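Each in structure tokens, the structures are laid out below.
The two complexes that follow have chain A in common; it is paired with chain B in the first and with chain C in the second.
Let's turn to the complex of A and B:
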């Protein structure tokens, strides 16, 4: 029985399969890089790497001046990753012999598992961060590495006891498994948003510039606004099925006449031109919205896609009007302007804005610094002096977020990402743009890095020593 | 023999250091050593002049009526005698469209004077206007070249007035520097003293008054040594390094080393091999010294841009080769070290056209910790992958075209390739993951699938593939060599190719010279792979082996 299973599993564990999978992954990564010349990086990540299969257009392998047609189906990142995982695990089950016996084996296994737990605990504890902070940043790396080698040693020693010389490979492969798992965890759970703050102002939310939402706000209550939000996915779907969607809790329903993933607005010249206003109400009566080329991943200016939608609002069965909504309509950078809508005698404000995530804490920008090298406009450093207020945890403190020195707070990490320039050229900057990232799996690559490095050094080091010994004989 | 080689090498290196400053001319050298602040960094005037001339003409000196003229003289003429300087042929114009625009008919002329270009000034102005209004992504090569020429002309004009060179310190220490023209009416006492001397120095140059020019140069040197001792001593060192041309000399000696090894093989001479090895060690030490000086001058880890990465890749390759030579003592290590050292320094020379090779860094790169760890480790990964590739090339060429690759030699060479690939895997894996951790630290994501990251990942995957094919018995010695050669192609793609994606593939960027060099390299490697795949029957070494067996 066991023998049959082994025979069946054998092809799955073969090294030739490993080679094929590595070759496939090289082709996929290459294609996913070349595709970024025409496509946005985000679309590529979803189409090529975080997918089960992808149709690769042959055009990407040639200069765009030759027109090449056709595409080939290819396994996506999830498929190749899963196959690699299966290949790796079966190989270990079938080929890798446990070296230790009896008490040694038990001890080794216990040591390995305890070591693994110790490593996981260590990375998710505040200790590494505190050592770094104690050393004032990078000078703390050395003590951290010393402590790290102590923390990792039970795991490494356990592995070597159980698997002998093969311990190195076990460590390398577990690092690879961790990297694959880490990427999946990131793909599924990570949220990357931006938090623009003007100097002297306070921010309670961050937004995801890759996704929009239609917000309908009822401002009638003086204490707080009531906001109803329609997600991008619903807008997209509504644009294809053209069905009316009732907004929950409001006497309003919408139909989406058109949705543009990236758009440009053209002001209409009075009386002339081929362009016509499609909107009947709001700002849209003076503009025409057209599609724009999707922003590419290697775009030197790092532009973003700005969608637009034509939406008809109705009160019950009775149409109110057709509005053109887009984040293009803004009073200032990052501040989308609302349009007034009256339904059933009540006034609402409508916005197509980037998807917002509200925080239980707030950040107040005291001052934004934009240092340049003397006599040039080459930036040397960006930093934001922030006052962080969290009433729930009764925290009120001042912090400084700089390039290469983020703030980790509330399960999110805040990075200095960009800034809000002056309204006119030559005027001082008016604020900061922080990037807020929530990624529960962020420690996994650190562990993988340590395990992989230890494993490789162990493996190749022992190879080298054996080789040198033979050489001197 | 070893001693003689070393002595000759040292002589070649040391003789130019003897100061042969002529007493009866302008002391241009001393003026070139004066510290100024330009493009955000304090550097000698010599570097400013060289880098600007490099941007304009692609060289660090130029020929005027057959007389070689150095960059500082050019800058002095440009400032004090603009009418004369505008007749110097310094602007390099290559693109046929731009040449047609400038009405250039002489196909042999490469460089042109400011006056010559200005004859077609209004036409150029019109083309410039059109190119500027075209959005960046839609510009074609001609428009980019017109803009490049426009930038060169405006650089020339601002240099002429010394408007962008901050030559006058506003006070002691790090209080900042200002251009000469702003200190003429206002300014602090010590600053204006320097400004006055500079003005007098320029006047003396204009009048041809050698005596007072040299006197002012000496007093400027003294004044700045007192007020800015560290900046001045660094500037003097940098100017000396510029004049000495350290990496050019290293490059020449790498060629000599390579030739020595080849001779040692032809004559089966062990002393010759030993002298080649010791020469390689000497050159490598000089190479190291060059890197150390650059680290000292810039206050940065060794790799900060493409130019320095080329120099460092060469350094890493030669180091690994020295270790190989120490282990095997058959000249293979030395010849590989000489060749890879030579080639990478050649690449570095080609890359130096964009100006200051120690330019200040963009904000996100401003972290010595990550530059010292991630960048250095990944660069060593590149170096070892290239070296494995080069050994692969040796294996194929030796096997196909000579009778010397016997069974024993083939096994040994393959063993070396394998060992180097192990190193390459270690460095590229660790380097790539460190890069991910840096990205996590500064952008909040470990892996973003952006082109540069993907390039690095492909190197790791390729090295892993090579190792697994060997372990799986898919390839033996020859296959390993062939796969290693393809590793060089993969590495070149990650090192340069991905940088060309943004601009290159869109328009007609394929004409760019860097791209064509890259293509040439890739094609050459593929050719060698093709040769390597020829049936072993027709390999000369194989034939020799069969003969010997009979």
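Let's turn to the complex of A and C:
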């Protein structure tokens, strides 16, 4: 039975498979890099690396002046990563032997597990951050490394007891496994959003400017809004299949007539012109949306894609009207303007807005500071005086978020990212833009790198010692 | 022994095939499926709006205003400049009959706020407060705003109804306001009165709102002393843009859709103009722009820019591009376009000269002088 399992696992542990997977990953990285000439960096990350399959256009391997058609199906980053993980784990199961026996084995396993837990605790504690902050950044790295090596020692010793001289390789491979797992954790759980706050106003949401959502809001309840959200992926799919999508809980269904990943708005000329209104209701009566080139990863102006969609809303079988929706319709740079829609005698507001994440707490911007060096316009510091109110944890305090001095709260890190300038040049700034980063797996790459380094030092160190001993003999 | 080896080989083959199948299944069976979902979100009315627009920030247009609004008074209406500490003008309507009671006059206050003075939300909430209504949030705000239909300028109408009176003596109030945005400021036309007074005057009010249109003001040019100086071709400015008007050209104060400014010129028999426009971003990219201009002359689009003559030039100290197009045909009167573009602070500026190919050829020298005179404040 055991032999059969081993025979079944053997192809998965093949070194040939390892080489093929490494070669595939090199090709994927090359293709993903070249694709950024035409695509935005996040489109590439999701399309090439955080996907199970990708269709690579042959055009990316040639100068754009040559027109090359066709695309090649290729395994995406998740597929290659998962196959690597399986390959590595099965190789360990089949090839690596536990050296320790009896009490030594038990002690070694306990020490390894305790060491692993200690490492995980250390990296998730505020200690590394405080050491770095105490040292003012890079000067704190050295004491952190010294402390880190003490924290990692039980894990290393445990591995050596259990696996003997191969303990170093186990650590290196553990680091590789952690890197693979860490990327999945980051891909699945990490969220990077922006929180724009105007001076004197309070924000309780942040939004992801890389993704939009169609929000249909029922504002009739005096206490809260009931928001129905159609994600970007559903809008794209609906634009392809042209099928009606019923909105749950609402007497409304939508048909997406057109979806533009990046768009430009053109005002329609009264009396006609080449452009005609495609919408029958709302702002689209006066505007037309045309496709715009997707913002590429090499765009020097760091523009963002601003999608637009032509959506027909229906009440039962009865069409209500066709609306042009887009974040282009703004009251201000960070406030998308909604359009009124009446269905079944009830008024709703519709927005195509950037994907929102609501917080259980709020941030009120007391004052934004944009300091410059005296007599110049060279920025010296950007900072936001914030009042943080969290009714759940009974917190109400004032905080100053500055460059290189972020706020860590509620599992998120708030960085001073940008600001809302005056409406016209030369006018005072009107607010701040904080970047909210949630990445529960942020410590994993650090742990992996530290483990890998220790494993390499141990492995090469022990080989060197053996070599020197033989020389002496 | 031989049989065992064959058996193992068979198992290995099955294992290999199973692995391949698993990988293929992973490739094609997996995919993220997001769904439509509903949640309850806090109203944006919980947003605390700081008081803004302290006295002193309101008032008449400043000398830097590049745009202002003018309007036509309905018959019988009167206008008075100022009329209040924060008013630009006060417009008074004729007496209206309200259900047999004493005739009342409707009053419209015109206020202008510099754009920096605060958001629309804050202003509307100030009015909500005046009417005894609770603050609204972003969602509530958009619900209150309605586009002004068939107006001379794009505007937004806000219609607020006050709370019902506590007793039969009191009267319910209503406020109608129209909001117009210029490049420098937001203009508010506001009428507040009893329900029946507003209802009686509503047709005239809407006529007034629809007549509001924007004009380029003499103040466009901080160096000009009068409108006539500007029309004669002084050195105007648009936002951060400064330029010299070439001899024989003149600034056209007539506002035109999407244009920040227009310069006109003529050779006696034919005339042409130069449009100054500014858009956020790259407006679809260079190739899309080139093909749009080609399309305007009936020329077929080009697949890449190598098929179009493009000159690299300097505009206001920044690297820009210049293009020249002529419609198909041989005649000198065929239409043409000469356009220069430059990207500054994430915005595209276009200087597009249109006219007959012959006229444009004659004006190239002036055009080059104009481009060379361009200067952006802050560069």
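To be clear about the criterion, the second predicted complex is superposed on the first by the 343 of 473 C-alpha atoms of A that agree within 3 Å, B and C clash if a C-alpha of one lies under 4 Å from a C-alpha of the other, contacts with A are read in each partner's own complex, and residues count from 1 in each chain.
The definition used in the following text is that contacts are C-beta pairs under 8 Å (C-beta built on N, C-alpha and C of every residue); 3 or more make two chains touch, one makes a residue touch a chain.
These numbers come from a predicted model, not from an experiment.
Using the contact criterion defined above for the overlaid structures, shared-chain residue A:226 touches chain C, although it does not reach chain B. Contacts of A:34 after superposition on the shared chain: chain B is touched, whereas chain C is not. Residue contacts after overlaying the shared chain place A:98 against neither chain B nor chain C. After overlaying the two complexes on the shared chain, residue contacts for A:11 are found with chain C alone; chain B is out of touch. In the superposition on chain A, A:110 contacts neither chain B nor chain C. Of the two partner chains, neither chain B nor chain C is touched by A:395. Shared-chain residue A:303: touches chain C; no touch with chain B.
Once chain A of one complex is fitted onto chain A of the other, the partner contacts of A:65 extend to both chain B and chain C.
After overlaying the two complexes on the shared chain, residue contacts for A:335 are found with chain C alone; chain B is out of touch. Overlaid on A, the two complexes show chain B and chain C touching the same residues of chain A, namely 64-65, 301.
Residues of chain A touching chain B in their complex: 14-16, 18-19, 22-23, 25-26, 29-30, 32-34, 36-37, 41, 44-45, 49, 63-65, 137-138, 141, 179, 182-183, 186, 190, 192, 297-301, 372-376, 378-382, 403-404, 406, 413, 415, 417, 435-437, 439, 442, 445-446, 448-449, 452-453, 456-457, 460, 463-464, 467-468, 471. Taken in their complex, chain C has these residues touching chain A: 8, 11-12, 15-16, 18-19, 23, 26-28, 30-43, 46-52, 114-116, 119-121, 138-143, 145-147, 154, 183-184, 239-240, 257-258, 281-285, 288, 295, 303-304, 306, 343, 346, 377-378. Those residues of chain A that touch chain C in the shared complex are 4, 7-12, 52-53, 64-65, 67, 75, 78-79, 82-83, 198-205, 217, 219, 223-231, 233-234, 245, 247-249, 264, 267, 269, 274, 283, 286, 290-293, 301, 303, 331-332, 335, 337-340, 347, 349, 356, 358, 362, 364, 422-425, 427-428, 430. Residue ranges on chain B touching chain A, taken from their complex, read 37-41, 136-137, 164, 166, 176-177, 327, 360, 362-364, 366-370, 415, 419, 422-423, 425-426, 429-430, 433-434, 436-437, 440-451, 454-455, 457-458, 461-462, 464-465, 468-469, 471-474, 498, 501-503, 505-506, 508, 510.
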